[in-house]
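Step one of this worksheet: look at the structure below.
Chain naming follows the written order as A, B, C, D, E and F, and within any one chain the residues start at number 1.
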Amino acid sequence: MTDVAAQRAAILVEALPYIRRFAGRTIVVKYGGNALAGTSGEDALSVFATDIVMMRLVGMRPVVVHGGGPQISELMGRLGKTAEFKDGLRVTDAETVDIARMVLIGQVNPQIVSAINVHGDYAVGVSGEDGGLIRAVARNPELGFVGDISSINPDVLERLLDDEFIPVVATVGADAEGQAFNINADTVAGEIAAALGAEKLVYLTDIDGLRRDIADAASLIRQTTPDELEQLISDGTIDGGMIPKVASCISAVRNGVGRAHILDGRTPHALLLELFTDAGVGTMVQMPASQNGD
Amino acid sequence: MTDVAAQRAAILVEALPYIRRFAGRTIVVKYGGNALAGTSGEDALSVFATDIVMMRLVGMRPVVVHGGGPQISELMGRLGKTAEFKDGLRVTDAETVDIARMVLIGQVNPQIVSAINVHGDYAVGVSGEDGGLIRAVARNPELGFVGDISSINPDVLERLLDDEFIPVVATVGADAEGQAFNINADTVAGEIAAALGAEKLVYLTDIDGLRRDIADAASLIRQTTPDELEQLISDGTIDGGMIPKVASCISAVRNGVGRAHILDGRTPHALLLELFTDAGVGTMVQMPASQNGD
Amino acid sequence: MTDVAAQRAAILVEALPYIRRFAGRTIVVKYGGNALAGTSGEDALSVFATDIVMMRLVGMRPVVVHGGGPQISELMGRLGKTAEFKDGLRVTDAETVDIARMVLIGQVNPQIVSAINVHGDYAVGVSGEDGGLIRAVARNPELGFVGDISSINPDVLERLLDDEFIPVVATVGADAEGQAFNINADTVAGEIAAALGAEKLVYLTDIDGLRRDIADAASLIRQTTPDELEQLISDGTIDGGMIPKVASCISAVRNGVGRAHILDGRTPHALLLELFTDAGVGTMVQMPASQNGD
Amino acid sequence: MTDVAAQRAAILVEALPYIRRFAGRTIVVKYGGNALAGTSGEDALSVFATDIVMMRLVGMRPVVVHGGGPQISELMGRLGKTAEFKDGLRVTDAETVDIARMVLIGQVNPQIVSAINVHGDYAVGVSGEDGGLIRAVARNPELGFVGDISSINPDVLERLLDDEFIPVVATVGADAEGQAFNINADTVAGEIAAALGAEKLVYLTDIDGLRRDIADAASLIRQTTPDELEQLISDGTIDGGMIPKVASCISAVRNGVGRAHILDGRTPHALLLELFTDAGVGTMVQMPASQNGD
Amino acid sequence: MTDVAAQRAAILVEALPYIRRFAGRTIVVKYGGNALAGTSGEDALSVFATDIVMMRLVGMRPVVVHGGGPQISELMGRLGKTAEFKDGLRVTDAETVDIARMVLIGQVNPQIVSAINVHGDYAVGVSGEDGGLIRAVARNPELGFVGDISSINPDVLERLLDDEFIPVVATVGADAEGQAFNINADTVAGEIAAALGAEKLVYLTDIDGLRRDIADAASLIRQTTPDELEQLISDGTIDGGMIPKVASCISAVRNGVGRAHILDGRTPHALLLELFTDAGVGTMVQMPASQNGD
Amino acid sequence: MTDVAAQRAAILVEALPYIRRFAGRTIVVKYGGNALAGTSGEDALSVFATDIVMMRLVGMRPVVVHGGGPQISELMGRLGKTAEFKDGLRVTDAETVDIARMVLIGQVNPQIVSAINVHGDYAVGVSGEDGGLIRAVARNPELGFVGDISSINPDVLERLLDDEFIPVVATVGADAEGQAFNINADTVAGEIAAALGAEKLVYLTDIDGLRRDIADAASLIRQTTPDELEQLISDGTIDGGMIPKVASCISAVRNGVGRAHILDGRTPHALLLELFTDAGVGTMVQMPASQNGD
């Protein structure tokens, strides 16, 4: 037996306990719009798709949730519309929500579906309007059609998972009259993970994880709890765009999701390495040991 | 008992044998992009959605297939792109197929889904890329990404129907590498009807049916056969945009679909009246009596 | 579109929310022996059968319960037996209970089954002895084989409903030794509705509903509660043969049946109009709003 | 171990191979109206019911089919109606068929159901009108409502058997308009056995079996074939009331029923002894060895 | 009808209520190694196998548990190994546990499986290591590989029972590292009965039952309770090899098993007679009437 | 990302298409008794067990078949019995078949089960007598209880596979009277693979594969067909103990098994490398391309 063969065998064997542990478990993965934008987006997406298919093949039930902020801004630009923000939130008039819907459901979502389906007939795109998945209410009249989640009906996702498909969710919701709303994708991912009783919620981001000192790469947090994260938000260590992710991690873990992870999506196969090898990457959030049954 | 009550009861009772006949049967309805365009589109869509929900509630399994030509042209215009046609077919470069996909999957499809879901969590949007539903090949290199159907995998539709959802299909397909293609929606409707073994295939159009003499409203064809239709195509009576619809009717009926209908979608509730009352509307295509078991 | 077509469509559409609301729900309908007697009985039965089949076709689970007092008296007469009553209850000796059983199970029941099955293989006659549906005990030795219900085993009804049949129940019960008893059909209907967790219990009678003042047609009660009905019984407004119906409505609604109705079975399609149109007819009983979740 | 215990054990053990052989198999038993009539009818029925319950408990799927000629004649007599016969068949006017229906469905059937249900909630009475079980056509206008079987829909029986009930069938059928017909119970038993693919068809009669010489008890036929029986009919050895039974045995065995039996129902537990012991009783009909796979 | 036939029928009918009572119920039978040893072992096994198959055929779910002490000693002897005992327990070194495993799983178990399968493809041998059925821990380091039960995972037994097989259990267990242990078969039978929620636990022994006075056959205990048995153990009436059986009866009955029996396995068909006739044999243990729902 | 992580990811990704290809497929693996004998047997078994668990976790349905020749000879030696051979086959008297059964079912089988179950409650030992899996007939009276396979009833294996267990098969069979026979394990593996419609049949041996020239390691056959193998047998290139393996490969592939493999079981994780990496090892047998659908 050559050394190469021995090494191959060793790596495959290392994956075994993780495969056993996650068999039949639902894993919600938030894939950012940023990851898809830019020149290397295609390749990154192809690598991501491979990881998702691998998860499905070894018996997990992956659900992909995605946003698409940069792509929305880009189409708005091409249509001569200027993005307007208020307190960091995009003011979303009727035309803007139509553009957002077109981009999220009609551009980003099929890109991801298509990348996965190169491997087989696995992925099915789902918008929050499908089967009443995401019911929304306006957050603030001044922001227009920016929505908060009023309820999640996970039925369509559960059926697709039971039918062995991989759902890919575009985060547009609708109210009872069918009016569409743009909803924060990080928040949707957390709520869906809770509604599905997921084992894991994973955010693929463009940072290497949370830090206790933003300026110090060595202060990367490997493992933390909801309580500590709330402290880091209230003292301002965590701010800006990370807040919806972190708040969703806190809420998901408190609502029964086993673990939440913030990974560096720029690392190829970050998902695979986190799930299948002894060397986890990024930041993991879970309840303190006394409360999580470990 | 008042006369009004008696009349109400009579109309409900008239529907009974039709409800019984179509219980558990799959009905594929092609809804045109034209119907949605223009000022009265919203109202017409709401009426159409009611009919589809009614079909589902009385035990049929409706599948909606839609196109969106006018909406694609409109977005192309806003983006400063000129539509180019060759032999009546839109030349579809890479940018155009992206626009078509955005419009079909991200604009027209959610409009229909949303109109149906005002009544409950019924509709789920499906693109031809979801679950490998429509595999496509390029029709002609000069036309770019205009596709022909190479195969239909109806699995995702069958699962959604079994789960009691109403699938709404956007007619974008993909090849094995994941490249998207724009596909004629009339053709897709026919192929899906055949693949699902549908009982009926219904085209909602903006004409009152097929005519033997195009200039003579009195020559409306109530009932016909594939053979007669082929004759009408070869003698030029049927031409232009009607050909894909008529060819699909011919092919679907020859491949096991019970009946194909060309109805006037401008009549409110045309679908309901065709399905539930003694007075059928428009043109019906079926195999000659000696071959259809009636 | 003609006005007639528009009106037809409107009436069908009006039925939609009711169909949606009652899909999959069990509706117990008590059909009186009176309705079947007399010259117009045949036609009335045919109309009733249509309504029941319609309920089944749009997804409800109807159960028919019937009596047959006039028919029992008629056969007793032909056999030269005089009916004897004590406190308004028929004294039922061994021969009388045999006659009642013959009439209910062998005459009235197959008449109803047969009227329904003109539309298809839907109805299955069930006696209270089948599958131990109704276990009975003697009410009073002086009355002979007049029984009270000691227990209901709804298993045979649930199986038939799950198998998509329409059960038609003849209200004869038996004790543990197999001795048959005649049981009040109004009471059986209420107990079966409760045992099945029915959504609705409907009595088709030969009055137009309950009245607050028996002499004043204008005092018809559209909607009431168990408490008010108890008051109307104790003050004598409701008496005689209506008491078992009203007592069963009270008991059924208090035991989880959504609503109980007393309709005028002489109105053709009263059932259809009550179930499928905005204009309910007769008297409806339900728990006060604060306790019924509406 | 006492001798008694040893003998008990031996008899139980003898039953074992038969129980194994018939597990899950359908056995249709025709129980005659004669058996029920007269003073000892009650006791005989109780013994018969025990045998049927035993069959069900050891895993067979028994179906009981019964007639009721003597009981029909008796009620006709009480109602002052004279039975009229033409070529041995009862002329059945509208009133007579109503009486027959009452007696079969409303008197004989519940007697049998009730005798079985003393042991548990096993039996469910079924008439040929239930679920469209027996569709009938008039045999001969001069005979009135005497019917031949035009089709059997065994669905209701199969569902009840799958739900572990024991169906007890009253042999009244109906035509498409719901008109009832009286049908020969021996014929019904054979057709139902064929439609259900039964393993066995058993006639409980008041003779000890078929004889080659009617006058010679020693000529009892233990085992025979359809061909020999046809010979015995054509030479007149078998005639009269035995013909429908024997013709049904011939037809059933030729249509896939494993074996048909003509037993002496006057012997207590004849059914049990035939089914569970090495000493078969009466006459057995099966295809010749070369054609029956034994 | 001959007297013999009448008697046969009577004995079969006597079995009916017992068959009904135990249908679908799990019965755990401990078969001793002693019963198999010696010259008459083969015949006794064949009789036992018949009884087990009979139980299965009439709808019970039998589970056989066996030991094999004499056979282990015999092989040890042939291999020149002396059995060593400490406080009545066999000291079990590594070689001894290997021998015990070989004998129990590879000799006694297939003997029983094979005797049952002469009747059909019913029995499947199961060791405590299969599917993690019996997890064991060392009882006492001085005794070597003599194990106590740390947990029972009845999954493999439930699956085999649901698949209509008869599991035959060899009482070898393993710890988490896969080390085998020899476990007392009487104890295993009791724990398995409790884990399966069995209706009955039956010990086939070589005594005629428990006695209040060991020297007095007339003092045989027909029926007793856990409390009384504890008293008989503490006052020394029950001792030696009977203690694991009796302790298991106590524990099983207290943990939900309906009844536990100690029968004389030397009586042919003791099992059959106990289960299917009015004359029970041996000693029965159950909770006092006030606590067992009888 | 470190190089190590990249390499790990690459190896996992390489496994993906194989996992996809074999999901839900049955793979029969013959594990030789030789592999277990000797000092390194324990470690080799532990590595083998890991591979089998890995197969199960990624969705394959592995079945292990084993022999145990060396272990049988060893116990015979200890019991003072001399092995006698005739034409290369062990003469198997009654005592020898008992020893073989003890060793195969009671020693080798639980060793393998136990090694697998260190990872979880996966493996269930099955002998050919369980559920009538292997029916055998004597090959030749002079050889005693050496059996040929007369039929395979794969029911018990299919049930265990459906219940997600890993069956481990000891190759002892029985005739209809329950007499045990020793059967060649290589032959059993092939017949079971064919009976289960397995995707693959894998022999783990102590050679590196088949050679065209036995003396020349460079003549290793990577890929071959049944026809070529027959040629190699008839010209004597393949002989001795390899013949049952090779004949089984030929027969299995001709009876629908996709591919048969002869691997070097001395290479750690040979199974894993063959199944999950691009570099297959050993010799593969399949039908010629024109006949295997590739």
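Methods note: contacts are C-beta pairs under 8 Å (C-beta built on N, C-alpha and C of every residue); 3 or more make two chains touch, one makes a residue touch a chain.
Nothing here was measured: the structure is a model prediction, and the numbers come from that model.
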Under the document's definition of touching, what chains do subunit C and subunit F have as common neighbours? none
If chain centres are mean C-alpha positions, then the most distant from subunit E is chain B
Per the C-alpha centroid definition, the whole-Å distance linking subunit A and subunit C comes out as 55
For subunit A paired with subunit B, centre-to-centre distance based on mean C-alpha positions, whole Å: 35
Each of the following residues of subunit A touches two or more other chains, namely 120
Line, ring, star, complete or other: which one describes how these chains touch? ring
Put in order round the ring, from subunit A and then through subunit F, what are the chains? A, F, E, D, C, B
Which of the residues in subunit D come into contact with subunit E in the complex? 1, 5-9, 11-13, 15-16, 19-20, 23, 50, 53-54, 57-59, 119-120, 267-269, 272-273, 276-277, 279
Subunit D contacts subunit C in the complex at 78-79, 98, 101-107, 109-110, 113-115, 117-118, 120-127, 129-132, 153, 155-156, 159-160, 163, 165, 172, 174, 176-178, 180
